[in-house]
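Here come two complexes built around subunit A, the first alongside subunit B, the second alongside subunit C.
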Partner chain A sequence: MNNVNDVLNVLIIDDEEGMCLGASRALSSTKVFIDDLKVMVGFSSTAVHSYTEYKNSIIDKKYDLILLDYKLPDGSGLDILQEINEQSKETLVIMMTAYATFETAVQATKLGAYDFLAKPFTPEELRNSVRKAATRFVLAKRAKSFEEEKRKIRFEFISVLSHELKSPINAIDGYLKLLKEGSITPESENYPMIIERSLIRLEGMRKLIFDLLDMTRIESGQKARNIKPLNLTPILNTLIEQNKYLAQQNNITVNLFAKDEISIDADQSEIEIILNNLINNAIKYNKPSGTVDITVNDKQNLIEIQVKDSGIGLSREEQDKLFNDFVRIKNSDTIHIQGSGLGLSTIKKITALYEGSINVSSQKGIGSTFQVTLKKYLNDTIYPKIVT
Partner chain B sequence: MAKILCIDDDRDVLETCKIILTTEKHNVTMAMNGNEGYSKAKADAPDLILLDVMMDDNTEGFHTAYKLRKDPTLKFVPILMLTSVNQKLNMKCDPKKDGNFLPVDAFLEKPVEKAKLLKEVKRLLALKKDDINIDGH
Partner chain C sequence: MSKIKKNILLVDDDVDYLFQKKLELEKEGFQVFTAHSIKPAKKILEETSIDLAIVDLMMQEKDDGFVLSYQIKSNWPKTPVIMVTGVTAQTGLEFDNITENEKKWIKADSIFTKPVRSEQLVREIRRLLANE
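And now, the complex of A and B:
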């Protein structure tokens, strides 16, 4: 573990040359291992001896850590401390002083000093203080970049979501305007189509809102999960029954190959979201008079659910992006199919809670098989991570 | 009467454009993504192309526009770009300005309105070859 992953820039501000040399030497041999992040941090130090030199040194360089003397020939360390805290919230300052009084310590802390070292101090005392400061600095920096990443993901998500919500509004708006200006009348050939399409778009929007709620609920971890022993087979039968109307419309046969009793410890609503999305997709993206075969393999620690359709299939590129939020495969084969683009991404998020996975194998024009694997019994419940 | 190709991933935007354009007896073909649109353009040699911006990704329409302009047989087909960028980013698309980097001839805001669409279509169909914005200038 001698490899250094990150080097912090340290500025030593002290008018005593001996102090600067000593501190530099102590730091050059110091490394800090930050356990939480598994990173090793080293130090690179620069020394200046007065307020003026300090001002010149910060023109083109930013320092992560500053060791600051209380008394300088041309100014007070406290002035520098104040300036640093006005400019950069990230830089941490360790005050060093020979006039260690309780009052100066309080004053320095109030001005934002991270730590306080009373001169004379041993190299070990210096290292300890620097170790603490470095850990704090690196963790704060990581937290900040994580926050930024989260903000970026949230912005992207909301901008796509707004597009998804705006599209049906635009569609219905367009049709209503045609009706309003008389381009379409109840006698027109297209009249039933635009009424039907408007209703379908409204239904799609409703579905999007429900899917969004499902997803948010899973990601936020707000709702307590109710993990209990379940039998998958009757749940599957109920869901097949619920999708029967949709299947009959296109003359699609749904077959279930499963034992009467398949037990798993799970939250019923999560399992229903997974299975319903898979069954519903297999019917929607099928061909007329096609089949859907649902096979459940009960293995020692795992449940394997395969949903095979004889539908339109997916190209390699389509398969690669399929499990991301709001991805819908749009081409002339899918022109009539409604979907929010959240179903598969939600399944992926749920399977992760069961230490499982979702995969697809597919051939364009022949059909797709989705396979979900779930761990039957979890030792520790994994709580969902907030992604957006 | 002209041959018009509409490229949009939203079926209802396509249907609306078709209903509007058919009132002027235009012959309308439809495509749901950039690649499908490009193939249909190659096959049908349309007189005008209506092109959506945000399809599979946020900029698919832009890429399709560049691809169409690179094709010697399709280079001079006027392109009317349909956007809802304005609503989304509170940003105005201005063909005079944005045409500097985008090789399209006009922009039209969604939702599509009949009078505006027909007016633009009429104007673009009358454009001479020299006036087509083929390279973004």
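And now, the complex of A and C:
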């Protein structure tokens, strides 16, 4: 691999012209491959010969790596070292000096020098030092941007979460105040409605908290997974039964097309999260008197679960963002439906644990079909049947 | 105040918020129309003579409030718009309509951060209606 992915800017500060030329030449032909990141780094160098020139050179350019002479005609390299470390923690400095005593080395290291080269040094010694510094620089930069990205995601997540938790509190708070100030009394026409709405918002909040716990448990990997042979069919029947009340409210028929025995090695609670979210969604986002067809296909080492509803359907744009955290499709069809926006993103995270996937095909106004595939036996190791 | 009730359009994607604010504003003597998104809001604006609109920023999309207030100002330039938002508390993002640059793209007469106190909102409604 000879393509350079990243070029580091190197500043050479030395009053000896020969030193500057030699170092530039050695660097121009040097490339460093950073194995951890599979990145090839090259160098572009600039040379200055005094403290004054150095000051001018940093006005409009930032350097990643500095090769710094200990003794300059108009100042000490140590002053520059101190300035650099006060300004930017990222820039790495390699000190070069003919006065290579233990004391100067200690002093330079204390002031933040990354490495120390005793003059005279060979181009190979220079390259070795630069190679080490470049690796450290690129890894540190990458780690920093990764940390920032993580911080940003966490911040966004918490912001949305706090909004999702605040809205039901505000709604219930508002209703209670209406009751307190007597704007609405048990005799008012709206009284049953505001009690019902308060309970619905509370239930939505409870669901959000449960979904959040499910999600964090899966994401953190803290939850002890209990993988054992399961039969999917009775689990599905139980979940359909649990969602029966919700289905009856809108006169929705739920059909199951599956063999009596469908085995998979899995954690029961994870499977229940997947299936319950799919069934619950198919009922919630359905039309009155609609149907939900659940089909399970048992293939060699793969289980395909299809949940098809005759509901409100999804547009192309809605389908694209559906599996992200806190995505709730808001439109006139869904305004009265409660949801945490975490169900499908959690399913997606779980299916990944089973080397599987989740997909949707949908037509606005006609319905959606969600298809989940899961590997039955991970690592293709089939558990031996225990004979008792 | 004139004897005829002023028409206020309230746009927010939280149905409970709509119900509660509608009740509050009706008590203050306004006629209140509600919508939960841009589309029904525009239908009301087309069919009814709206004197003032109160628009939530984040609805279906994060910037629906900006879009709607821009559309109101383009089609009904005399209708005052109050934008209500929880965006600052949520994202740390701050904006206002004070500088010229902000006024260029934020077409609201006033901006309030949620939660908005009732008296404060009513005072602002009266002030904007009096300027009309």
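The criterion applied here is as follows: the second predicted complex is superposed on the first by the 377 of 388 C-alpha atoms of A that agree within 3 Å, B and C clash if a C-alpha of one lies under 4 Å from a C-alpha of the other, contacts with A are read in each partner's own complex, and residues count from 1 in each chain.
Everything below uses one rule, namely that a residue touches a chain if its C-beta (ideal position, glycine included) is under 8 Å from a C-beta of that chain, and two chains touch if they have at least 3 such contacts.
A quick note: this is a predicted structure, and the numbers were derived from the prediction, not measured.
S.K.: When the two structures are superposed on subunit A, do subunit B and subunit C clash or fit side by side?
M.R.: Here subunit B and subunit C cannot both sit on subunit A without a clash.
S.K.: In the overlay, answer first, second, both or neither for which of subunit B and subunit C A:Val106 touches.
M.R.: It touches nothing on subunit B or subunit C.
S.K.: With both complexes overlaid on chain A, does A:Ala140 touch subunit B (first), subunit C (second), both or neither?
M.R.: A:Ala140: touches no partner chain.
S.K.: Of the partners subunit B and subunit C, which touch A:Ser162 in the superposed model: first, second, both, neither?
M.R.: Touch status of A:Ser162: both partners.
S.K.: Should A:Leu213 be classified as contacting the first partner (subunit B), the second (subunit C), both, or neither?
M.R.: neither
S.K.: Quick one: is A:Leu21 in contact with subunit B, with subunit C, with both, or with neither? Answer first, second, both or neither.
M.R.: Neither partner.
S.K.: Between subunit B and subunit C, point out the one touching more subunit A residues.
M.R.: Touching more residues of subunit A than the other partner does is B.
S.K.: So, does A:Glu181 touch the first partner subunit B, the second partner subunit C, both, or neither?
M.R.: The answer is first: A:Glu181 touches subunit B but not subunit C.
S.K.: Can you list the residues of subunit A that meet both subunit B and subunit C?
M.R.: 159, 162-163, 166-167, 170-171, 174-175, 178, 183, 194, 197, 201, 330-332, 335-336
S.K.: Mind pulling up the subunit C residues that touch subunit A in the complex?
M.R.: 13-17, 19-20, 23, 27, 36-37, 39-40, 59-60, 86, 89-92, 114-115
S.K.: Can you check the complex and tell me which residues of subunit A touch subunit B?
M.R.: 159, 162-163, 166-175, 177-178, 181, 183-184, 190, 193-194, 197, 201, 330-332, 334-336
S.K.: If you look only at subunit A, which of its residues touch subunit C in the complex?
M.R.: 155-156, 159-160, 162-163, 166-167, 170-171, 174-175, 178, 183, 194, 197, 201, 330-332, 335-336
S.K.: Within the complex, which stretch of subunit B touches subunit A?
M.R.: Residues of subunit B touching subunit A: 9-13, 15-16, 19-20, 23, 31-33, 36, 54-56, 84, 87-88, 110-114.
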